[in-house]
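Structure in structure tokens, see below.
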Amino acid sequence: MDRVKASIVGGSGYSGGELLRLLLGHLNVEVRQVTSERLAGKLVFKAHPNLRKRTQLQFAKMAELRPCDLLFLCLPHGEAMGRIDALKSIAPRIIDLSADFRLRSEEAYQEWYGKPHGRPELLGQFIYGIPELHREEMRKANLISSAGCNATVTILGLYPFYKLGLVDTDRTVVEVKVGSSEGGNTPSASSHHPERSGAVRSFMPTNHRHSGEVIQELGFGKPIQVHLSVTSIELVRGALATSHVFLKAKLEDKDIWQALRKFYGQEPFIRIVKEAEGTHRYPEPKWLVGTNYCDIGFQRDEKSNRLVVISAIDNLMKGAAGQALQAFNIMHGFQETAGLEFPGLHPL
Amino acid sequence: MDRVKASIVGGSGYSGGELLRLLLGHLNVEVRQVTSERLAGKLVFKAHPNLRKRTQLQFAKMAELRPCDLLFLCLPHGEAMGRIDALKSIAPRIIDLSADFRLRSEEAYQEWYGKPHGRPELLGQFIYGIPELHREEMRKANLISSAGCNATVTILGLYPFYKLGLVDTDRTVVEVKVGSSEGGNTPSASSHHPERSGAVRSFMPTNHRHSGEVIQELGFGKPIQVHLSVTSIELVRGALATSHVFLKAKLEDKDIWQALRKFYGQEPFIRIVKEAEGTHRYPEPKWLVGTNYCDIGFQRDEKSNRLVVISAIDNLMKGAAGQALQAFNIMHGFQETAGLEFPGLHPL
Amino acid sequence: MDRVKASIVGGSGYSGGELLRLLLGHLNVEVRQVTSERLAGKLVFKAHPNLRKRTQLQFAKMAELRPCDLLFLCLPHGEAMGRIDALKSIAPRIIDLSADFRLRSEEAYQEWYGKPHGRPELLGQFIYGIPELHREEMRKANLISSAGCNATVTILGLYPFYKLGLVDTDRTVVEVKVGSSEGGNTPSASSHHPERSGAVRSFMPTNHRHSGEVIQELGFGKPIQVHLSVTSIELVRGALATSHVFLKAKLEDKDIWQALRKFYGQEPFIRIVKEAEGTHRYPEPKWLVGTNYCDIGFQRDEKSNRLVVISAIDNLMKGAAGQALQAFNIMHGFQETAGLEFPGLHPL
Amino acid sequence: MDRVKASIVGGSGYSGGELLRLLLGHLNVEVRQVTSERLAGKLVFKAHPNLRKRTQLQFAKMAELRPCDLLFLCLPHGEAMGRIDALKSIAPRIIDLSADFRLRSEEAYQEWYGKPHGRPELLGQFIYGIPELHREEMRKANLISSAGCNATVTILGLYPFYKLGLVDTDRTVVEVKVGSSEGGNTPSASSHHPERSGAVRSFMPTNHRHSGEVIQELGFGKPIQVHLSVTSIELVRGALATSHVFLKAKLEDKDIWQALRKFYGQEPFIRIVKEAEGTHRYPEPKWLVGTNYCDIGFQRDEKSNRLVVISAIDNLMKGAAGQALQAFNIMHGFQETAGLEFPGLHPL
């Protein structure tokens, strides 16, 4: 079978590097080019030390991009929308990992990003990139917008309960704990190791942009409120969402299990983790490092109608590059798990 | 001035060791004995390496306790209530750091601890050990029960808003992030470094016992609901509570500031931390390590009536030994900050 | 092609779990059984959370082992030698990951383990398990003893220089920095997270048992002295050896490069890492996590005849399970990298 | 008693902040000014969050410095020598924490810093700032140059053995493990948390500048060789030196103890840590965080003449601000431990 010729636009950052790692191990892909304006001409393994002896690729400039089958865009937020026409002329298919085309509504973009969208007419053309929700649309899509990491971990944890109409849609509180790789690879005073190490830092107590994605995907067209906070903790990779939802009716554990299995029973990358004993009773992001899994667990509050849903991902994988590759596989009719077989490490 | 002769019952653990560190630096205290059944006869610095060259005290057995002015009890939960008469015969004053006498109601104890209290008639006799709420009662108390760490950080963050009646008392969701020292000094499979390191572990998604303390102190006698979860993260010392409260009326930032200042403006160990810029915009537990501070910050959600209150402590200090010593100082009419002057470290 | 039927004896620990992870992804292997006396009957993913949804294998008891093609032994040190006859009757080929058959001399075993070996007549029969040194012998071996982690990282860094006779063989000082997974999965007071976290702990300043392996492999039959220390640091996986060797003659950087390339130029799992600039100038174990690489770098001291050789591995991979699988591949004539393709993660 | 009026020149960095923390708690000191060109006019607690509610001092510009009794210089290396005359006109006494005046010889400065010294005639006028070696000279000194952190931890561990002539002075290998705070507070690609976290990074395998200080203090005027490497590990504060020295004659443990006690038996900030059992058998920097201790332990190699000396400090305390204050106390005839009473924390 001919391999898909793919290039990565913006490959010096963490998502781009992770995607490159995955693509190099994918039997149906030929990586053509990886761009970086800053590092053009340098070997990619100088930026991504894990790829030494794996590839002799050098970074190219964006202006040097040659036609190919598909472009993965790993540009900073706000850059893809300005270049989208030029990029579409290079490849018929695009998977954008930035936030530019995640929201379908111009108003929502204005609300969460605080400025008008540059190409509002394109907003409806990208499929929102969570395969568990949009797999069928992906099969025939040419444009996919990969979902935000905090949005992904939240949405996947809550989707069955919202879809089944089991919860009060105004009361949910979501507290996401995240690692430092979410902030990208640009050093700053707050990412300086002596300051960031051991931090428990309220990064976005309110108003986190990924809220817009959660509302879009869980609201099903109706207005809902999701009270989301993000806290940075001592961790490089990983995101864990603790979602507090309030059930409309009294449910038993078996009802919760049933809801999760109904939607996720056949999903290759979702695991339900809920054990009565041992160390590994609930999802933990560290066992997911390098994998495309989203692990989901829960505990009901016996004293109230609260259900705590716990969901975990690797933010650079299921929250970025891995999920993008999963969508790529679906788009091309490949085995959905191709290139995503790594099971994670224990211990770590 | 004569120094208070104090002994520590159960001094091999983390709270007991921390208390000993503080008492050795307190000018008005003479440490008489420190007990440990397991380590009796050994030098205390073998258990607490920071105290090498600071004290030549050896652990004694509980049976060897001699009369003194005050006993600090650092026994495992459930042990103090069975020995309380014997201990009261040794010293006229007792500060108990365990959970045994924190709840004032027999029913609440049964609800949160799942078994009847052994000495229910004593429950009302201990002053609940948060000085900011019970300072006046402490001045004449002989029995004080030091508050739970997660309860302390939650209550201090929320007290002004509850006391002023500003919040919906059934909707609050509190997510506490805690370090490994909260689990005490007994090794287990889940505290084994390769498992615990880098963990983001849902320790108690629901039903955490400290909820009972929060309800007692914030309910003012009326039933309220507090939806509390505790998550263990990579951290040894420290607890950060992210509390999501829902305001009854629209408030501005200045109203929130005013509420906090009204109750805490004169408090020596409460600091309001809310900066518009820089790395240190909200409370962070790592700057509190070794100190008795509770730092409190907040952010209002512009899109809803949610107020996020962020509060941080060192769980072994303001959450245990430090707060116990603060109560001790009040009880004896000493300077409230005596022995608690350490300002914390930066960086750490 | 028929797959090799392999079983793991002692599969609840970290090396056994890592080996299972690798074997499950190896196209030429069928995992038959994994034993654990303690967990017999339980699903293996309860012990190894990364293997959830990857295998439904349950732990068996050792007494339940059925005949197969090859046994991997991951028993505690000292156990394999007492059971070796019984184990050999189960499978014609054995790869032992314990320390029991690493040393070829009875006297060396007595010296480093402080007791006589139980089956000294077998000591010469196992091939010492570093493929870069013993590849040819492995091709026809039925018995392989996988090398110690600290020995592996030290030997691989130093081998070219010793083999070429470039160094003073009595002066070398090796300082190995190691993570907590080297200590295995049994909790103890010293592995308790609040104690072990952030530790810089002199684990074995002198007399580390792996010294015997280093002397055996680098001495080429002549007595040499290797001054080895091991220090535990904040890290779960990984070992970095800083080896200070003293050159007999003045050498230039190009001579050092030449020596390394001569021995390692064609090696699939050795990379020379030495950059003039950037963050990634020397080997670092964190980029090797989950991989079978040994990265080697160096710096000459311009002011003396000292050469500092820096070598890094993942102790559970190149230092245990990965290297065992590499030997397995050689033994069976498989692609040497089969099942060992994971390139490692950046960032981590 | 009148308090000493002291100012800190260069107070926005980690050493300056630590010094300020200490001075604010010192009964015999009045802090007059703290300078920072970058932060002039801002409250010092914006840079040092631990000092919130402890001081309302604002940063001043260097040009605004007013006459005082003593200046602490915490400027970047190379800056003090160019301004020293101006600074001496502001205060009669100076304690310089930079590297500018540590070496007594112009040639040594040229050798280790790679350029000529700007004021070589002053090199002999500063007392080298390790009180355990130069206490008597400090009593009458007006100019003190605080020692380098890696030099301090190395020198203190080795001094007794070198002074007594027990070791081969050409063979010593010193491997120092250090935390990220040694690199100062300026963010860079290599200090970015996702890169720096979990690192075991060969920072200076050879040619570390502090070697010059070690040679100066341990050579007693004769040429010696010290083979020093520095490796950055996951740690913010702390330095641990593992020093491998080779004894001229066979010594027993009691001889080593005797040598250490002879020099350090009365020292307030040196502790000998060597236990036969337990977790805390050797020095560990984490128990020293915030303290001015240098802990020293050792192990003899039974199989050779190697002695491993293990020494640990907090690099910002005994390696910088703490040691500077200790020198300050000696200079003024104050209690040597004044302001340095903090015993450190357990656990941490």
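Labels for the chains are A, B, C and D, by order of writing; each one numbers its residues from 1.
The rule is short, and it goes like this: a residue touches a chain if its C-beta (ideal position, glycine included) is under 8 Å from a C-beta of that chain, and two chains touch if they have at least 3 such contacts.
The structure presented is a predicted model; accordingly, all values stated were derived computationally and were not measured.
Undergrad: A-B versus A-D: which has more C-beta pairs touching?
TA: A-B
Undergrad: Which chain lies the greatest distance away from chain D when centres are computed from Cα atoms alone?
TA: Between chain D and the rest, the longest centre separation is with A.
Undergrad: Between chain A and chain D, tell me the centre distance in angstrom, where each centre is the average of that chain's C-alpha atoms.
TA: 46
Undergrad: Mind checking the centre-to-centre distance between chain B and chain D? Centres are C-alpha means, answer in whole Å.
TA: Centre-to-centre distance between chain B and chain D: 36 Å.
Undergrad: Measuring centre to centre with CA averages, how many angstrom lie between chain A and chain B?
TA: 38
Undergrad: Give me the residue numbers in chain A that touch at least two other chains, ranges are fine.
TA: Counting only residues that touch two or more other chains, chain A contributes 14, 181, 185, 189, 194, 198, 234, 236, 278, 284, 347-348.
Undergrad: Which part of chain B faces chain A closely enough to touch in the complex?
TA: Contacts found on chain B: 171, 173, 175, 177, 189-190, 194-195, 198-202, 205-207, 225, 227, 229, 231, 233-235, 238, 240, 242, 244, 278-279, 281-286, 297-304, 306, 308, 310, 312, 347-348.
Undergrad: Provide the residue numbers of chain D that touch chain B in the complex, in ascending order.
TA: Residues 14, 17-18, 21, 24-25, 46, 48-54, 181, 185, 236-237, 271, 273, 275, 278, 280, 284, 287, 289-291, 293, 341-348 of chain D touch chain B in their complex.
Undergrad: Show me the residue ranges of chain A that touch chain D in the complex, using the header's touch definition.
TA: 14, 179-181, 185-189, 191-194, 196-198, 234, 236
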